[in-house]
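What follows is a single structure, and I will ask about it in a moment.
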Amino acid sequence: MAPQYAPSLRSRLPLVAFLLETIFLLLFVIFVKIEQHEQFGRESDSKLFISSYAEFQDVHVMIFTGFGFLATFLVRYGFSGSGFNMLLAAMAIQWAVLINGFLLPQQHHRREIHINMKSVVEAELCAASALVAMGAVHGKANPVQLLLMALVEVTGFVVTQWILRALFNADPVYSIMLLHVFGALFGVMVSWVLHREGIKPEHEKEKTDRKTGLFAMFGTLFLWMFWPSFNSALVRDYRWDGGLKLTVIYGTYLSLAVSVVMAMSVSMLTSSKGKMNMVHVQSSALSGGVAIGVAMTAVHAPWIAMTIGFCAALLSALGYRYMKNHMLFAFECHDTCGVLSVHAIPGILGWFAHLFLRLASNESTIAVQFAVYHICVLLITACMSLVMGTATGLFLKWSIWRPQQDRKCFDDQAFWEFPNLVVQK
Amino acid sequence: MAPQYAPSLRSRLPLVAFLLETIFLLLFVIFVKIEQHEQFGRESDSKLFISSYAEFQDVHVMIFTGFGFLATFLVRYGFSGSGFNMLLAAMAIQWAVLINGFLLPQQHHRREIHINMKSVVEAELCAASALVAMGAVHGKANPVQLLLMALVEVTGFVVTQWILRALFNADPVYSIMLLHVFGALFGVMVSWVLHREGIKPEHEKEKTDRKTGLFAMFGTLFLWMFWPSFNSALVRDYRWDGGLKLTVIYGTYLSLAVSVVMAMSVSMLTSSKGKMNMVHVQSSALSGGVAIGVAMTAVHAPWIAMTIGFCAALLSALGYRYMKNHMLFAFECHDTCGVLSVHAIPGILGWFAHLFLRLASNESTIAVQFAVYHICVLLITACMSLVMGTATGLFLKWSIWRPQQDRKCFDDQAFWEFPNLVVQK
Amino acid sequence: MAPQYAPSLRSRLPLVAFLLETIFLLLFVIFVKIEQHEQFGRESDSKLFISSYAEFQDVHVMIFTGFGFLATFLVRYGFSGSGFNMLLAAMAIQWAVLINGFLLPQQHHRREIHINMKSVVEAELCAASALVAMGAVHGKANPVQLLLMALVEVTGFVVTQWILRALFNADPVYSIMLLHVFGALFGVMVSWVLHREGIKPEHEKEKTDRKTGLFAMFGTLFLWMFWPSFNSALVRDYRWDGGLKLTVIYGTYLSLAVSVVMAMSVSMLTSSKGKMNMVHVQSSALSGGVAIGVAMTAVHAPWIAMTIGFCAALLSALGYRYMKNHMLFAFECHDTCGVLSVHAIPGILGWFAHLFLRLASNESTIAVQFAVYHICVLLITACMSLVMGTATGLFLKWSIWRPQQDRKCFDDQAFWEFPNLVVQK
């Protein structure tokens, strides 16, 4: 038993974070301005400012409290789960504001990036995409690796967006909702490349307990409750667009309500002892929001939204129960938070629903055209994600980043001081 | 010691939930539409949409996070407390949208139910009524029983609403605030019928600890903070109605502030050791919101609201301290969350305050007329609640629902997998 | 080992709270009215009501959930941390509404205090000032002492405001943001006067654990996320003021994002083992919000806000790491939550930034004038705070308030019933 302690990151993390933060600061000095007289569509500004700010706060709560506490479910990894989530999201948002401004300028300013509610919400959604990817390597990478991974992921996602919009003239609202698919595939690839032999299906520290399950429940609820805002935040102009914003809000709400019921039922049904699994329920309850997010612009009736939520939770709960261990044995790919079941599969289900609903409502020539476009969008997103994920994994495998040992996985002790251990009576 | 394990619900819960969800889905297919061009009073729509959505989110947070985490106070029942709360609320909301649409149509559509912010907020308030009832049987019924109970409770509450509005032309805002009285009496009756001999005043698992007390504090705070939105959500048209909405908001706010102070004082004063009881404080701190909710349309000065909060917390804290065990000994009725002290008594106090304030401000003939109407409303609500609660209790006593044994009460182990027990070193 | 139990507060707290609450109630009867037809600037009312209410709710959440859960970080003091926070804030708000109305009337009513969104938000900010002061004596004073201290602190802060506005015609938005400096200095002086010999740098109960660290994380996040609303709540008229409100919101947001990154980096860098300290990170992550709050009216570019956040977190993290024990040894002043590092130092940094930015953007004569005014404002605030803090400390030292023994510090057991200890198997 030679190496008792995890390698210290004292010479790595502060340096990397400090350097990156300084670079961001310099870029902000040169390029970024606050939009003083924000234009909110054709409305008088104050009114729509109010709406945007409230929605932004909902999304903000989801990113920091929702994702942050969902990540505390491991019994010894709560500090890292919530703390690193905060660090990564704070960095990812700054970077996303910059790179979104460079690649996807919203107004034609001369080399200036203007901060407004829209750009901030988009930055938070890009950060969400990075946080989804984090889920796959949760507990198995150190904060330096996570930080680099988050920034590469955001870059990849924004570049994919740029390709989709430039080549295919894709709808921004639709293409940004592919964040779940992009993030999940990216994360899974990184996890596959970084695979450790020591991660067995039953790692002694990869478990939940009564209290961490409740902390995770808290994160789940904040994601679940504010998901209608997450999906609708970028759908502006609810009046001129046939009530699309309202449809998205009510659709997401109903889809999530059905998801909860299905997640619990399936979790109990597939358990040999007839008991529910808290982690499965928490994850699958959210799948309805993912699926409806991808399909939302094509959904016009509440029951369609509910059906999508129904199927998403069914697939997601089955996937979590049966696929996670299978993936580990068959492909040596360990996916801590089951992002494949929670984000990728419901996302692709939503994509299919979107395709099907459009095909059903259009005549044949337009339908075929749409199908080709729709398939291309998914393929490009998936390819970009898989390729960049693999590359990122290889880059992070470099031992200069000082990964922790297998037995220090899923453990806060490697990164956080525990003063109580010192002062123990 | 024959039966070690609680009976498995594997063949019950998934079946019941799946069946009900399918029925709801079919009813949604036939009847429910999303209101595309929502009419928000005489205002231009966007402005009032914003207001409604923010208030709806406040209420939404109360139902899922507030009630959910308030229910985690028992030391071994946290997963069930928050998890079943989510399941029941999600089902109750769907059912409430349907039955509200059938019985209490808001606009005259031909056999169509239109979803809009008002209908969703009303559905959430009906779900709140069911969650209040759950409090009385908390920890003593399995999720199948809870699910059926929630749906019957919502049905009963909506039917009562319908009677009050059809026969007495009752004000919708006032009648829906009787949800506390209806829910509490309903729950207590169910608990009385389902009484178990094994539930002693000091069941070994019916206790709180340092951590679950904090989780419950968290739920309490979210209920407490957003209660002004809960009471005012259905009070529209704050401009044309003499500022009623503002009065309700500030009144609830002040009433709750006084409640906190009184709850802590009384809890310390009535303790033999001069210490506060966290569960009593959490419950009684909310009583001001309940009382002012019933009285609110008659309250026009801040000090009246504060006096109501003062009396409500006083009665509620005394009730929690002395009445709970008395109820158990004298009537064999065990009320886990003390809903009688927290919801029924403050609700009836609010009713008296309402009556008194109206009598004081009107001349005698109108006053007598109002008193008769007011007494009838309470009597009908109470009778409906008691009768339906008893009937529901008898229905749930049926052994087909597989209730857990006495010693498995207040215990998650009967319903949830605990992976950590398996992997214990 | 003579005194086993902490002295009972049964004859103190209920009496004091009841008396104060009755006095408040009487003052409300005489003076306070709800503003029926609220005037929201030049806008039509409904629109701005919506905005104010949402912002008020954000601040409300910060005061009760944010401060409340941030105070649960001590392993045995969670009930007191969150419970007393609720009690003090509820009392402080009522008192602040009254005393603000007496001293700083907003409209010229004849001896009437009108409650409206602005007055309620100001009352909450005054309560925040008291809660900052509480941080310094956290765990070392009983609730009677805390209650009296909170009310004196609020009085002192409002009187200081009145002096600043009457003598110096200070900008209300700027002067209220000095709440951090006033509260922190006040609290530190009280803590210095109340110093106990038994409080060593390593009191056995002054520590955090895995779960209380997460509860505190939760409070931290709610403060962190809603801080933009905290700083901007009193900045009205975002349209006519050159977009100041938007600038404040985005500035606070970016400043806090940079703070998080710096807090974590510095915490790891200054640790001998290369590990982060959760308490330091949580505290320093908030320092950017404090600093930008004091400087905000002079900040017009995002990078300036980010630089302020950068420096604030750097100073705050260094201060927390090195100054806390130094203060205890050198001055016999124990500051439980490190309010000096988290509120006073970033506040003064913000003050310097404000001064510097104004000097840089004005011509010399105006600049000198401003500098004199600016220095006077800080000096008066600091003097008032130090003097009143010392006086309050001497008053609270009176043994009639029955302070707990040294060994009962940082312990809930002195104030809360723990039913589980009774029913232990």
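A, B and C label the chains in the order they appear, each numbered from 1.
Simple rule for what comes next: a contact is a pair of C-beta atoms (placed from the backbone, for glycine too) under 8 Å apart; a residue touches a chain by one contact, two chains touch by 3 or more.
Here is each chain with its UniProt name: A, B, C = Ammonium transporter Rh type A-like.
On a predicted model such as this, the values are computed, not experimentally measured, just so you know.
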item: Copies chain B and chain C - rotation angle from C-alpha fit, nearest 5 degrees; value: 120
item: Interface numbering overlap (same over half, different under half) for chain A and chain C; value: different
item: Centre-of-Cα separation between chain C and chain A, whole angstrom; value: 34
item: Junction residues of chain B - those touching two or more other chains; value: 47, 50, 54, 211, 218
item: Interface residues, chain A side, partner chain C - complex; value: 8-11, 13-14, 17-18, 21, 24-25, 28-29, 32-38, 45-47, 49-50, 53-54, 57, 60-61, 64-65, 68-69, 72, 76, 78-79, 82-83, 86-87, 90-91, 93-94, 115-116, 120, 143, 211, 215, 218, 412, 414-420, 422-423, 425
item: Touching residues on chain C, where the partner in the complex is chain A; value: 43, 47-48, 50-51, 54, 58, 75, 202, 204, 207-211, 213-214, 217-218, 221-222, 224-226, 229, 238-239, 242-243, 246-247, 249-251, 253-254, 256-258, 260-262, 264-266, 268-269, 271, 273-279, 281, 285, 300-303, 306-307, 310
